[in-house]
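Pasting a structure below so you can have a look.
Chain lettering (A, B and C) follows the sequence in which the chains are written, and residue indices restart at 1 in each chain.
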Amino acid sequence: MDQILFALLNGTIYGLLLFMVSAGLTLIFGMMGVLNFAHASFYMLGAYFAYTLEPFVGFWFAILLSPIVVMGLGVCVERFILRRVHAFGHAHELLVTFGLAVVIAELVKMVYGNFAVDYRVPAELSFAAFTLSGLDYPIYRLFMGGVAVTMFITIYLLLTRTRVGIVVRSAIYRPQTVEALGHNVPLVFMGVFGIGAGLAGLAGAVAGAFYTTNPNMALELGVMVFVVVVVGGLGSMGGAMAASLLIGITNSLAVGSDLRAVDVLSIVGLGDWAEKSGGLLTISMSSLAATLPFFIMLLVLMLRPSGLMGEKE
Amino acid sequence: MAIRNLLRGTAAVALVCCAGAAFAEPLKIGLVETLSGPQASTGLFYRNGVIYGIGKINAEGGFGGEPVELLEYDNQGGPVGAADRVRAAISDGARIIIQGSSSAVAGQITEDVRKYNLRNKGNEVLYINVGGAAMELTGAKCHEYHFRMTPNADIIVNALLDGMKENGALGENVYAINQNYSWGVDVQNSTLASAERLGFTVVEETLHEVNKIQDFSPYVARIKESGADTVITGNWSNDLLLLMKSAGGAGLDARFGTAFLDQPGNIGNAGAIAEGHFVATSFNPEANAEKSKAFVEDYKSVIGHYPTYVEPQGVFGMMLLKEALKAVEPTEDGLKAADLVVALENATVETPMGHMSMRAEDHQARLPMVVQKVSRDAVYKADESEFGFVPVKLVSAEDAEQPVQDSCKM
Amino acid sequence: MNFKYIILFAAVALLAVLPWLVSDSLLNAAILMLIAALFAMAFGLLCGQAGMLSFGHAAYFGVGAFASVHAMNAFDGEGLLPTPLLPLVGAATGLVSGILAGYFSTKRTGVYFSMITLALAELLHALAPHLKHVFGGEAGISSFRMPAWGIEFGSFTDVYYLTLVWTLLSIGLLYLFSKTPLGRLALGLRENAHRLRFLGYNTHALSTLIFAVSAMFAGLAGALQSLNIEASNYVVLESQISTAVVLNSFIGGVRVFLGPAIGAAVMTFFGYISSDLTRVWLLYQGIIFVLVMMFLPRGIVGEIAERIKNPSCDGLAQTAITMAQRIASLAIAAFGAVFVIEFLQRVLSTEYRAVARDGHWPDITLFTYDWSPVSAVPWGLGIGVFALGIRLAIIVNRRAAARQEAQA
């Protein structure tokens, strides 16, 4: 029982981390129809900038300042690169962000080297929050979860309770109409892109200290974030949250499980046959954990293409 | 560089054509390493070691009175890139191929070299493997022209377990957690095989996805539940770092025995969490301090830093090659590969750690191993942190040696 | 029109005599370029003609590669499937897997289509390491090209001709395909699928068919690759392979027939040469790609074709001069940028950082000269040359614009 509780808790925290990164992406995706391949790169940059700033301003200011720097970078990317490519169509926008992701990854490697850098959880935050069946639960995990939840509530309130939020939401839904009504949609795009990048940067700054800050971290998370956005539904904050949690928790549960297709089949007496035929049937759930998100995405795309909570197809 | 090499290669070919066999060109060695992309970090370390080692070969007169020429190729991290870089190297005139990072690439290169030699009898090339640790390279895939200069999974795990046992750090309940591919499986098998000899039980073994897992806490929970007091893992890179950090954060009270803890960045990043954990490698500067000091200082004066991680492996491999080259007489066409094979099989070299030689049956090097522990007392600190590796046991080449695999038919 | 055929004929003739012209090493590069070109052409059919952006084409390439390796081992290059016919196995498996995957993925359009192709490819890639008897684990599956039809297939030249024949044949078939009614319908699918449906076409079946044809040629390219390296490894299923073909095709230009092939050939050659020259060749590749996307949205070949088709009112000679000036000024800028990047890379490299402790900055050798990183000379030189190149390019552009204005 404890183990399942543990898995659920960890899955939730991991899901919240996914949410932090994908929150900005889903807004950008919903609004511009662009899957931003460079989004996970902003996550990585957030971690590296925080690492760079930490010796000068301390951990707390570093994780506050780094997202702002990343946000500035995001604004520049939108203003000087994406906007130029916008006229050529979605495919070009998407591909230009892909090229950017390559450039950012290579620059990071050039400046910070190939190995993980020494960016760690500060001493004042490395203690156990509580103990569950003999295992400490690091307070920093709860801190990460807390940041994500705060972020969710803030964005949600901003989007639903303020005038700016209404413009943004309608720009996601019908950009042309909003422009016709006299709103400066390019400015909104730029703002949302910048904020989205900044949020990813914040996630990186917070999570980079707990996991590792290395040049491959964008690659590792990148595809997962896409999955979240597609499963959740374009531009839907709630959907992104639900999808993040779904993927985080299934991942965490699957990793802890040794269930094999053989075991299920042996209930109906097909165990021997399955054992003999081998292949996929004898692979345990835990080693298939990495394939689950794609499987979920495929299912969602086939059955409900607008995503769990998306409204737009 | 490549263009120049190409031109030089073409020019050399032209010269050979015109001048016939009277002209012997300098021995060329092709380093086919991962120099770009996500896995470049390790490849660049092998490169350092090899460059230093080749420098030593040339300092002692090179081969046949001519300095040895090192050609560098970037295999771009994968077997596909490696396949055509090996061909490029051979067509540029390389007689020896060197590679270290990644067993997958090593598997491709050893097969390519075998096929090339089948098609070009009398004009063979050699593959010197300075890092690929998969058992099958000296097992089912072994052949006459492949030489492994580094320890394989069996050697590493046995040395590690012996060293931990001797220091009272090996508990009775061992948990084996490894990456789900040949290397991880080899480590797991070696751990299981040693259980009886060293009197421990493997309470549970886990194979997980390679470099895909962000959150290791479910695995840590399983380790905790199994009641293991020692964790043996062949994990490298992020998989090792995240596993240790997760275990440290959860306050898991278990000793780690590893194979790649000395990878740069690990100690700096894990900090105090890594303290007291073990690693077995083929070099530690504090073992045989006098000889080692001379070596590391000389290395630093050439490469710019103390040898770390896989660099010594590369250097020792080149040292053995140097001894073998001394014993070979150049023919009119330069190096005759078959002669070098014999010379390598008979070569012995004194590395700072002790004797190193090549086993003729499967071309697996016999070399000493050092079991070491992360400690604040280390003389040479890792990653500019306050920690470093202190040797706890030096296993001689004879003691570290493991039996030849039955699957190897030369 | 005739001019086009002359160029085409000359190119084929050049390819045919290539083994006598270049070294083995370059011939090896040529084989890779041909395979990449064919793969890109297969992708171009789907993306350029039918407007479906696939992010998972590595799957079909890989399936073809593995099928042919297995066939190579099973038949030993004899009997029903002698070595030269092995690519047919790749094509057949590519076609079958294309029909299956195409049926599902073409149910959706636009970005959803892309995501399904991505998901399918990633699923296959994630499963492959676990299916050891099919994909051979991380060591891959190895095989041996057997002699057939009196040819050894041992030398580069033999393999080159084998690849060349198959590539040219496939590109020819792809060209004919684009001229068939089905090929024309693919264009309709790209431009307006709704309208096609109103006209009574079954767009889903149509898309599936085109997807399958594209996957078939991708599989054929995969088979050629495994014939070339005599092995296959599950890394061919990686997402980098899928994205590489997308990038190559777009750099060449997906909307012109030979665009993807030329883009892929150029980029493969670039990778082949530059990866041994510099550690940061991926950075250059990324920068080139971003720049092409921003300034040459039609791709390199597309842009050239456009210029030839619609020469500006200056006339062909003036256009050519302007073009040459532009290229020259951009080359100057590129030299400056490369200088700065290479210098920076050397200053930041771990080797240099290890040497340059305690405020001591030794000189760095770059382009055969020694430069001190603390002096302003190398930085100023690099940035200056870069700025000069950009400035020249702007001047050239302004002049061209002014001329056009004057004429209009």
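Throughout what follows, contacts are C-beta pairs under 8 Å (C-beta built on N, C-alpha and C of every residue); 3 or more make two chains touch, one makes a residue touch a chain.
Because the structure is predicted, anything quoted here is derived from the model rather than measured.
Chain closest to the overall centre, judged by the mean of its C-alpha atoms against the mean of all protein C-alpha atoms: C.
Summarising the inter-chain layout, the chain whose CA centre lies farthest from the centre of subunit A is B. Centre-to-centre separation of subunit A and subunit B, using mean CA positions: 36 Å. Averaging Cα coordinates per chain places subunit A and subunit C 30 Å apart.
For subunit C, residues touching at least two other chains, in rising order: 126, 130, 280, 282, 350. For subunit A, residues that reach two or more other chains under the stated contact definition are 113-114, 287, 290.
The set of subunit B residues touching two or more other chains comprises 40, 44, 180, 209, 212. For subunit A in complex with subunit C, the touching residues are 33, 35, 81, 84-85, 88, 90-92, 94-96, 98-103, 105-107, 110-111, 113-114, 223, 226-227, 230, 278-280, 283, 287-288, 290-291, 294-295, 297-298, 301-302, 305. Subunit B meets subunit C in the complex at residues 1-3, 5-6, 9-10, 13, 35-37, 40, 44, 48, 72-74, 76, 78-81, 83-84, 87-88, 91-92, 103-104, 107-108, 111-112, 115, 118-119, 134, 136, 141, 180-182, 209-210, 212, 303-305. Residues 38, 40-41, 44, 180, 206-209, 211-215, 217-222, 224-225, 238, 241-242, 245, 249-252, 263-266, 268-269, 271, 383, 385 of subunit B are the ones that touch subunit A when the two sit in their complex. Residue ranges on subunit C touching subunit B, taken from their complex, read 23-26, 28-29, 31-32, 126, 129-130, 137-140, 142, 144, 152, 154, 156, 225, 228-231, 233, 235-236, 238, 271-273, 275-277, 279-282, 350-352, 354-355. Contacts from subunit A toward subunit B in the complex involve residues 3, 6-7, 10, 13-14, 17, 109, 113-120, 126, 128, 131, 133-138, 140-141, 210-212, 214-216, 219-221, 251-252, 255-256, 286-287, 289-290.
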